[in-house]
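Here the structure comes first, spelled out in structure tokens, and everything after it is commentary.
For reference, chains read A, B, C and D in written order, and residue numbers begin at 1 within each chain.
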Amino acid sequence: MPVLNDEVPDEGDYDASRRRGEFDNITPDDFIRGSGHGNPPGWMDSSEIDHVRREMPIVYVEIVPVRTDEFGRIDQVGTLLRVGDDSSIERTLITGRVLFHESLREAVARNISKDLGDIALPVLPVNLQPFSVAEFFPTPGVSRYYDPRQHAVALCYVVPIAGDCKPQDETLDVEWLSPAEVTRPDFLAQMPNGHDQIIRQAIAWAE
Amino acid sequence: MPVLNDEVPDEGDYDASRRRGEFDNITPDDFIRGSGHGNPPGWMDSSEIDHVRREMPIVYVEIVPVRTDEFGRIDQVGTLLRVGDDSSIERTLITGRVLFHESLREAVARNISKDLGDIALPVLPVNLQPFSVAEFFPTPGVSRYYDPRQHAVALCYVVPIAGDCKPQDETLDVEWLSPAEVTRPDFLAQMPNGHDQIIRQAIAWAE
Amino acid sequence: MPVLNDEVPDEGDYDASRRRGEFDNITPDDFIRGSGHGNPPGWMDSSEIDHVRREMPIVYVEIVPVRTDEFGRIDQVGTLLRVGDDSSIERTLITGRVLFHESLREAVARNISKDLGDIALPVLPVNLQPFSVAEFFPTPGVSRYYDPRQHAVALCYVVPIAGDCKPQDETLDVEWLSPAEVTRPDFLAQMPNGHDQIIRQAIAWAE
Amino acid sequence: MPVLNDEVPDEGDYDASRRRGEFDNITPDDFIRGSGHGNPPGWMDSSEIDHVRREMPIVYVEIVPVRTDEFGRIDQVGTLLRVGDDSSIERTLITGRVLFHESLREAVARNISKDLGDIALPVLPVNLQPFSVAEFFPTPGVSRYYDPRQHAVALCYVVPIAGDCKPQDETLDVEWLSPAEVTRPDFLAQMPNGHDQIIRQAIAWAE
């Protein structure tokens, strides 16, 4: 029974002890085998989530990781190199779905941890006002943001990274460049479907 | 075949002519009877949406309608009196789900129009940065926001209303009060589950 | 006795009746001739303000006037053509000093009225969080913003204009262009010293 | 020749090496004795600054120091106990004037350092959008903010403090309390003239 990668909490997870309401006594095992009396709450197999993706907007967080100086100014912006679904190399930001019963702060921390490793020491924002809300539509041209799989509403945050990055999973590398370098047209051209616009907005907002 | 009230576009709708991608040639009839070759894309019957509500966070907009003076200061805040699901009278703000392939701006305009009528003349914000993001969980106590039906992520906006209000549908009345009056503890006590907090934040943000 | 143009309230001013504390019984005449027992409070002659400009940061508002559609999206951005101090034509935004005992909202309204006329019908923002704070220094290169006369801290707002514009005073014309047009490099090159950056940030923030 | 306390840079200052344009070769000695050919640029004696305070709005920063948890949520809010001008004990936030040719980030860092000491390790915000702009008028009742000395425009920031606090100068103590405690009416009553409102707004904005 297929389980979406990021749906399975694990004992070693940084937030394994937090309270999750009805999820409190669910173990990863329940997610994989079911709990005897049906699947755990919130469980979605990949065919089901694919189905829902065509039916309602999905909540995402999208994170622009940065290195800042002692005055809070952005020194460097991080972008990720990953293996895409079609095995090509693509440049992205940190992005992920918010799970059922997961707070936005937890989703931000989890997705950073997943891509940059456990010692990245992200400095999460004091307030949750996103610098931008990016609306990805499955129809090209409706907005600057395009995602063929789904209609996603992505809350965008700039998050300073104070620790060390150890790229994880599908992330091959994290490249750190100055604000001037990441906003060069030839660099932004590597980030299609609106992720270039999110970088541009993050830099404009921070300066 | 039951259809959720707000899922059916109608020829007379203010935005009937906008492009909706794969929805372009769908008529309300298709929503009600199906299109012969299955239901239209995005169609959800009430049992299905109830199911999804227990599986993933749902995107909402929550709007604080206000009357402003010539300098943009809030003169009055509007709250709605509605008949709740259990037939009791409840006080609320304007709130609604964002539909598949609907932009946030369209969702804001549609939900205002649904509650306040077609000549409310809302002044939509120039930018979509919400003044707050309210996370409603189905488990009491996880956050200040509680919704027994679902995990909802509500983007909150203050929207000045320049026209006349004609309460519609389940909305019985719109009451306009000064910022000082709506932030009185006894008034806020009428708005449980965190909607009081959204009013409080809106006033604090605007002042 | 020289008096700075924008220091003199006038009976016909849109806000002539507002309360100004110790300024309440001051007439324009007092500003021009003095009140017998010395100059009125807040009075500054041009040599004095020039002196203060080299001693402390001066509070400014800088306004990006826009035309919006029914959904609040920016259709057009207005820029002003003016005769500069050296008689050359320059392209600017609406910008002005906040006066003693004047609120930011009043400064925004007054400066729009001064440049665009009395029937521009600006829609002032509900909250005063600026989309950017531009720090102009008298030393080139310290920041992106340069003003040889002074250190100015400019709170930047996007303000929709709902009425008609009648350029006033030094303003020769207001040109309305689409967001795509005003962010073209050749257009922005006409707005030196950081005003180009304010336009760029306004568009990035609003999209 | 009296010199305002916070006008004198010192060799040991954390930012002694930054470039200050025309201030670059000025020493503290010049401030105190004058440079032979008149006072240094930007120099203001107390009678002069008192005079300017009645003539134009003065730029301030006002900082709400907080302790945050690993998810960026506010755990505690710091308030300062100080000896006021009339020798009474008063409760305040961190607040100070922005100096000529000083950036907002430098003013935020300097004022935190002055009140909390050199090892407070403040985490300055990535962007300078204040959560509120407080307008203090010398006339009571014009706004929620009152300062008998001046018209001040204060840009308000929430700044997490990661290090240790060693109260300095006039600051006797820093008290750390939970958001629920600092927003209790009896506590806020200790912070008159609008500083209570800034705390209230900071908490509402962050939650």
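By definition in this document, contacts are C-beta pairs under 8 Å (C-beta built on N, C-alpha and C of every residue); 3 or more make two chains touch, one makes a residue touch a chain.
As the structure is a prediction and not an experimental result, all values here were calculated from the model.
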Fitted rotation between subunit B and its twin subunit C in degrees, CA, nearest 5: 180
Repeat of the A-C interface, chosen from A-D, B-C or B-D (over half of contact pairs identical by residue number): B-D
Comparison of A-B and B-D (more C-beta pairs in contact): A-B
From subunit C, the most remote chain by mean C-alpha position: A
Whole-Å gap between the CA centroids of subunit B and subunit C: 36
Whole-Å gap between the CA centroids of subunit A and subunit B: 27
Rounded Å distance, subunit B centre to subunit D centre (Cα mean): 40
Two or more partner chains touched - positions in subunit A: 103, 129, 131-132, 205, 207
Touch-based graph of the chains, sorted into line, ring, star, complete or other: complete
Subunit B contact footprint on subunit A (complex, rising order): 19, 21-22, 41-44, 48-49, 52, 54-59, 97-104, 128-133, 135, 137-139, 142-143, 151, 153, 155
Contact set on subunit C toward subunit A in their complex: 132, 144, 197, 200-201, 204-205, 207
List of subunit A residues in touch with subunit D within their complex: 66, 68, 70-74, 103, 105-106, 109, 123-127, 129, 131, 158, 160, 205-207
